[in-house]
Structures are given as C-alpha cells and as structure tokens.
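Chain nomenclature is as follows: A, B, C and D, assigned in order of appearance, with residue numbering initiated at 1 for each chain independently.
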Amino acid sequence: MTPLQIVFLLVSIVTIFSAILVVSLQKIFHAALWLIVTLMGVAILFVLLEASFFAAVQILVYIGAIAIILIFAIMLTRNIMSDEEIQSNRSWGLVLLLVLVFAVIFINQLSQSAIFNSILYPLEVQGQDNIMAFGQGLLDPAGFALPFELASLLLLAALVGGVYLAMDKKGGEAK
Amino acid sequence: MIPLSWYLIVAAVLFSVGMFGAISRKNAIAILISIELMLNAVNINILAFWHYHSQTLGYTDLHGMVFAAIVIMAAAAEVAIGLALIIAVYRQRKTVVASEVNALKG
Amino acid sequence: MLNQWLYIGIFFIVALFLPFVAIFLARILSPKKPTKIKNSVYECGMETYKPTWIQFKIQYYLYGLVFLIFDVEIVFLFPFAVAYNKLALFAVVEAIIFILILLVGYLYIWRKDALSWQ
Amino acid sequence: MKILEFLSDPIIVIQEWIIQLFTNWGVTQEWQTFLLYLIGSAILGTSALLITLVLIWAERKIIGRLQDRLGPNRIGPWGIFQPVADMLKIFIKEHIIPDEVDPIPYHIAPIISVASVLLMWAIVPFSDNVRGSDLNVAILFLLGVGGLGELGVILAGWGSNNKYSMLAAFRASAQMISYEVPMAIVLLIVVILSGSMSLGDIVSSQNIANIFLLPLGALIFFIASIAENGRAPFDLAEAESELVAGFNMEYSGLKFGMFYVADFLRAFTSSVIFASIFLGGWRGPGAEQIPILGFFYLLIKSTIIWFIGVWIRGSMPRFRVDQMMAITWKFLTPLSLALLIVIAFVNKLLANSSQLIQVVVFLIINFVLFYIGFLISNKLINEKVRMEVSSHKRVLAQPTNIFTQPNSGG
C-alpha cells in the first residue's frame, strides 16, 4: 500500500459513507450538509486523478454555488414538509434490493472490461499546460467550439427559465 | 499508483447510492440532491477514463475534459431549473412531495 | 502537482485544527455553570415565538440562481483566459459570443426586475 | 557570508537546514516533504492567527483616531497589550450553549469560518521562492475558499436556532455570493493579462503592476472584497438595528471570538491578495536578489490597502440592503462584464504593439467605461427614486389597519 492508496481508500470510504447519510437522513438540511462532505470527497478524488481544474471547479461550483442554493431552496419550502414525517417511500426496501442487484451487475460488467485492472500513473503533462490545452480545445473551431457555445445557450435557458418560474407573478399567489 | 478499477468501483457505488435516493425519497429537493450524487459519480468515471487515456496517449486528451465540463454545466442548469420548478409548485400547491404533484393524474 | 495539493490538504487540516484546539482549550479553562434561564435562546430579547425555521423570501433564491449560472459561465472561461495568448482573434470573438449569449438572459432578468430587492 | 545569506533569505536557509537535519536522521524523502509541509503550514497558520492580535489593536486605534477618540490606551504603551488582555478574558469566559441549538452545525461553524480565512494564506507568494503552494488553479481556489466562508455563515445561522441569526446568515450569504460574481470576472481579466492561474505566475508577470492596466478592475475588486468580508459600509449582516447582532448572536466565549478573529483576519488577508494581484506582490527594487525585501514590500503594500479599508470603514455610513444588492447586480457586474469583453478584444488587437501604447489604451478604456457606467447608474438611481414614491401599497402599522392591529395591549 502506497500512501496515495491509503489516502484514496480513506477519502472514498468517507465519501460513500456521507453519500449514504445523504440519502437516508430524516432532516433534509442535514442531508444537504452531508452532501457537502460527499462533494468535498469527490473533489479530493479529482485531485488524485490530477484533474486540478475540475477539483477547483467542484469546490467552486458544487460547494460554493449548488449546495448553497439547495440550502436556500430547502429554507424556502421549509414549513410544509416537517422533518418528523417519514422521508422515504413505503417500498424503500424493494428499491434497496433492486439497487443492490443493479450495483452488483454494474460492477460485474465493469470488471469484464479489458482495461479494468490497469494502473494509473502520474501524467506527463503537468501544471498550467493541461488547462491551456483544455482552453485551446474548447475554443478551437475544429474542436469543441460548438458544444461550448451550446452550453452557453443551455445556461441562458436555465437562467431565463429559472427566474421566470421562481419569480412572484402579480396575482399568481395561491391563497 | 492507484488502479483504475478502484475509481470505477467507487463511482459505481456512489451512483447506486444516488439512484437509491432518487427512487426512494419523497421530498423533491432530496430527489434533486440524489441526482447530483449520480452526476458526480459519472464525473469521477469520466475523469478516471480521461486520466487513463491521457497516460496512454502521452498528451492531454480533450474529450474527457470537455465531457466533464458539459456534465457540470448540465448539472448546474438542472439544479437551477429543478429548484425553480419545485418552488413554483410549492407556491401553487404548498407541497414538495413529488408524488403529491398529480394534477395530470386521470 | 500532487505535492502542491498535498500542501493544501495539510494546510486545510492545520487550519481546522488550530481553531479547534483553541476552542477546546477555552472549554477546559472556562467555567461551566449552565442554568435553564442562561441557556434559553436569546433571539431579540423577547421570548421565542413560534419555531425558528420560518420561510424566507424568494429573492434569496433568485440571487442564488443568477449567481450559480454566472459562476458556471465564468469558471469555464478560465481555461480560455489561460490559453488567451495562444488563441487567434476568432477564438476570442467566440468567447465574447459566449458571454453575449448570457448577457441576453441578464438583460431579460433585469427587465423582469428580478435583480432588485423587494 | 553565512550570516548575510541568512539575512537575505532566512526561510530558505532554515528550510535547507531542516532538510539537512532530517537527512542526517535518516528520514525518507516522502516523509521529509510531509514533515516540511506540516511545519510550514503550522508556522504560517499560527503566525496568521497571531497577526490578528496586532490587527485588532491597530484597527481599533485607527478607527478611534478617525472618530476623534483615543482608542485603546490603558494597557501598555498606546494600549498595545489590549488585545492580549481581551484574548485572555475571552479564553476564560463561559461558553453558553443555548438549549435548542443544532449541535453539529453550531460547533463546526466557527472552525470553518476561521479555516476559510487561513486557507487563503496557503497560496500567497511571499517572495520569489518562498510560498506555500504553487497551485496551478490558485485563482479558482481563492474563489472556492470564499464559498467555504459562506458555508460557515449559513451553518452558524442555522445552528443557532434563532430567527434573526438565520435571517442575518441568509442576508450575509446572499451578499457574499452576489459580490463573488464581479470579483470572479475581474480575476478572469487578470488571468487574461498574465496567462496563468497560478498566483506566483501572476505576480512575476507584472512588469507593470496590474493596477495601472486595470484601475477600474482594481476598484471593482476592492469594493467586492470589502463587501465579501462583510465590513462597513457593507456590514448588513451585523446590522444591530435590524438583525440584533448578526448570525453570531447566540455564540459566546471563544466561539464568538473565532468569528471575530476571522472577521479581522479576512480584511487583512484580502488586502494581501489584492496586493499580490494588482500591486505586484513581493516585486520591487532589489527583491529578486534579496528575497527578504520582497516580504517587506508585500507587507507594506498590503498594509496600505488594509489601511484604506479601515479608513472607509471609519467614515462611511451603512448601505441599505436593496442598495447593496443594486450596487453589485446593476453596477459592478455589468461594468466588469463590459470591461472583460473590451479588454479581451483590444488586448488581442494590440498583441504586437509596444507596452506603452498598451498601457495608455487600457487606461483610456478603463476611464471611459467607468464614466459611462457612472452616467448610466446615475440615471438609474434617479428613476429608482421616482418609482419608490409611487410604489405599490404595503401593509402599514396604522391604527386603522386591521391586519396590524394588536389583539391586546402590546
């Protein structure tokens, strides 16, 4: 066991443990807090994969923005769904069984793959060059310029649609 | 020095946990949170394969990075719209329980 | 690169550890004489009225939403900024189009008055 | 000769000495790195926390002088030991934990608040080769750590089980996320100019300090960082009159002290970041040859910025919450976006021209944009006033209004 492997195991155990808490806790606010721990764990996994940019994006976008607006939304819809109620469907046992079967099949299928057992080594391209190549590729007309612009359209739709849906409309309040 | 398989297994387990949450939770926001978990698991997978391809190619493989970026953008858009929908429904019907939103039920 | 992150990780643990130790020491040093009155919630000087977890303004969510979209947009412009010196003018124009597309949405929500505190 | 070398670059000399020591003890390479990092971060973190003592004293003294008071003047010469006495007092104060707090968020929040400030020190370059971590995504890391600060505020507000804390926490976090947008856009422009996201590269690429290229950007960044730190005139989260005392009202003893420390330290930390990004950090005459000079240059530059911040704090009244939100969303964000678009375009056109032309053109762009933005915002402000006079009806507390009539007495 190298130190890197120990770090990986610790982080992934924490990540999965907190993910299980996220889907099972009664208090939805606490679930959101454990979600932040999970996201942090995933960010560390990205670091171990040498995707520094995505680790930083994970912290910035997921923890700094998505988790915060999830908490905002939880507060906004607060007083109806009280935490004393059962938060799961009646058939959660069946779902658990199905998901377990799914996970077993999934991992089994993965292990059939030829590259499943290959080892990951440190990359040759380091530091700023990785991000620079990414930036060049994103804006290269022969590369990924079109998906990049389309992503902007997606964000535009999300912005306009989200604001339109969430805003108070005059007289639209259900009494 | 970490095998690719470890990342894949962690991602698979995380995905399954997220799927369990997405199916079994009643609160719509909790369902969204579970979907976030699933998307994160997908991203771990993508970046693990990105690393593998970059190391075999010897230069930075762009497909993986762009894919991961698009997944993050889609996740952000999904959360924005999803929460806005939940809030709009909440304002109309005073509920966030997904199965109680049944206006179209025959 | 992993070394740099290792430093950040160690620093994070140290940064969590230092205030924790300080608070822990203070807990040991300080007196502990809790009483019912002392431990009641202060709030605004009156007795607490109704449960705390009240509902909040929609405005907070709107700001959060606009922030989220802009954050994602800006984050994915950072690779463009790093590669700026190696890009042609055309690529820069593409990035500007990327921003302008979002500015349309910004103008829309501005006209809708979603950005002003109500 | 040895002494001169030590004086010119003490940290590297000490580091080499420690490495020598470890090698003699037979410590392996990996453990050496680990231990060095541990020692380095412990020293950096502790000294950052200890600086706070001086900062608190200096700020109280300066604010006192600005407001025609004496400030702390009892303990020691010029009251310089006042913060030490305060610290001792707060250390032995009782921790009152209200009964119905949510324990985990309540106890974690002060720790996260302090950690989010300390973490920024991990990437600051102190001289040419003395720095914590040369992260290649340092700028994104800075913004991300800001998000961690928001988390601390929300946890504190939630954990306290108190309506006003909660309200203050939500206001504070809405304010922080709103001001993060113009800040991130300005950082994007800086990255365009220096071609790297690492803070070390940004500092060493500044042959002309960025403030001369981007005076408007620096101004936006400065305002945004004041607002993100929640200091006056943007200290809405602590508005005594509206929100009692802010998100930290149910805290006592050292837990409250931690928020206090985080507040004062964050002000200085963000001026260090400002000095690194816009004023050329450790760079100055002779700093390459004698690294210790770079450290002093950084200290002087950031102290000046910090002093301006304290000055503003001492002399400006507080903004209203709607004004504060309007400033970021209707003034700073469009302005910084316009600056980004124009700079990105013009810089590409000017790629082959001389540096002088570049500086002059950039200055002109900055001032023109600022002037246009100012004109437009003035117009908007006037419109706003007209709108408010004829705004829709509100429920007012009048004797004739049945909605606000009290049922009995008070």
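Note that a contact is a pair of C-beta atoms (placed from the backbone, for glycine too) under 8 Å apart; a residue touches a chain by one contact, two chains touch by 3 or more.
Treat the numbers as computed from the prediction; the structure is a model and nothing was measured.
Interface comparison, A-C against B-C: more C-beta pairs in contact at A-C. Centres computed as Cα averages put chain B at a distance of 33 Å from chain D. Rounded to a whole number, the gap between the C-alpha centres of chain A and chain C is 17 angstrom.
In terms of their C-alpha centroids, the spacing between chain B and chain C amounts to 21 Å. Taking each chain's centre as the mean of its C-alpha atoms, chain A lies 5 Å from chain B. Within chain B, residues 69, 72-73, 76-77, 79-80, 83-84, 87 each touch two or more of the remaining chains. Touching of two or more other chains is recorded for residues 1, 5, 53-54, 56, 58, 60-61, 64-69, 71-72, 75-76, 78, 81-82, 84, 87, 95, 106 of chain C. In chain D, the residues that reach two or more other chains under the touch definition are 135-136, 140-141, 166, 170, 177, 180, 196-197. If each chain is drawn as a node and touching chains are joined, the picture fits none of the line, ring, star or complete shapes. By the touch rule above, chain A contacts chain C in their complex via residues 4, 44, 47-48, 50, 52-53, 55, 57, 60-61, 64-66, 68-69, 72-73, 75-79, 122, 126-128, 131-136, 138-141, 145, 148-149, 151-153, 155-156, 158-160, 162-164, 166-168. Partner chain A is touched in their complex by these residues of chain D: 30, 104-105, 135-137, 140-141, 143-148, 150-151, 154-155, 158, 166, 170, 173, 177, 180, 196-198, 201.
The part of chain B that touches chain C in the complex is made up of residues 69, 72-73, 76-77, 79-80, 83-84, 87. Chain D meets chain C in the complex at residues 33-34, 37-38, 40-42, 44-46, 49, 90-100, 110-112, 114-115, 118-119, 121-123, 132-136, 139-141, 160-164, 166-167, 170, 174, 177-178, 180-181, 184-185, 188-189, 191-192, 195-197, 244, 249-250, 253-255, 257-258, 321-322, 325-326, 329-330, 333-334, 337, 340-341, 344-345, 347-349, 351.
Within the complex, the chain C residues that touch chain B are 58, 61, 65, 68-69, 71-72, 76.
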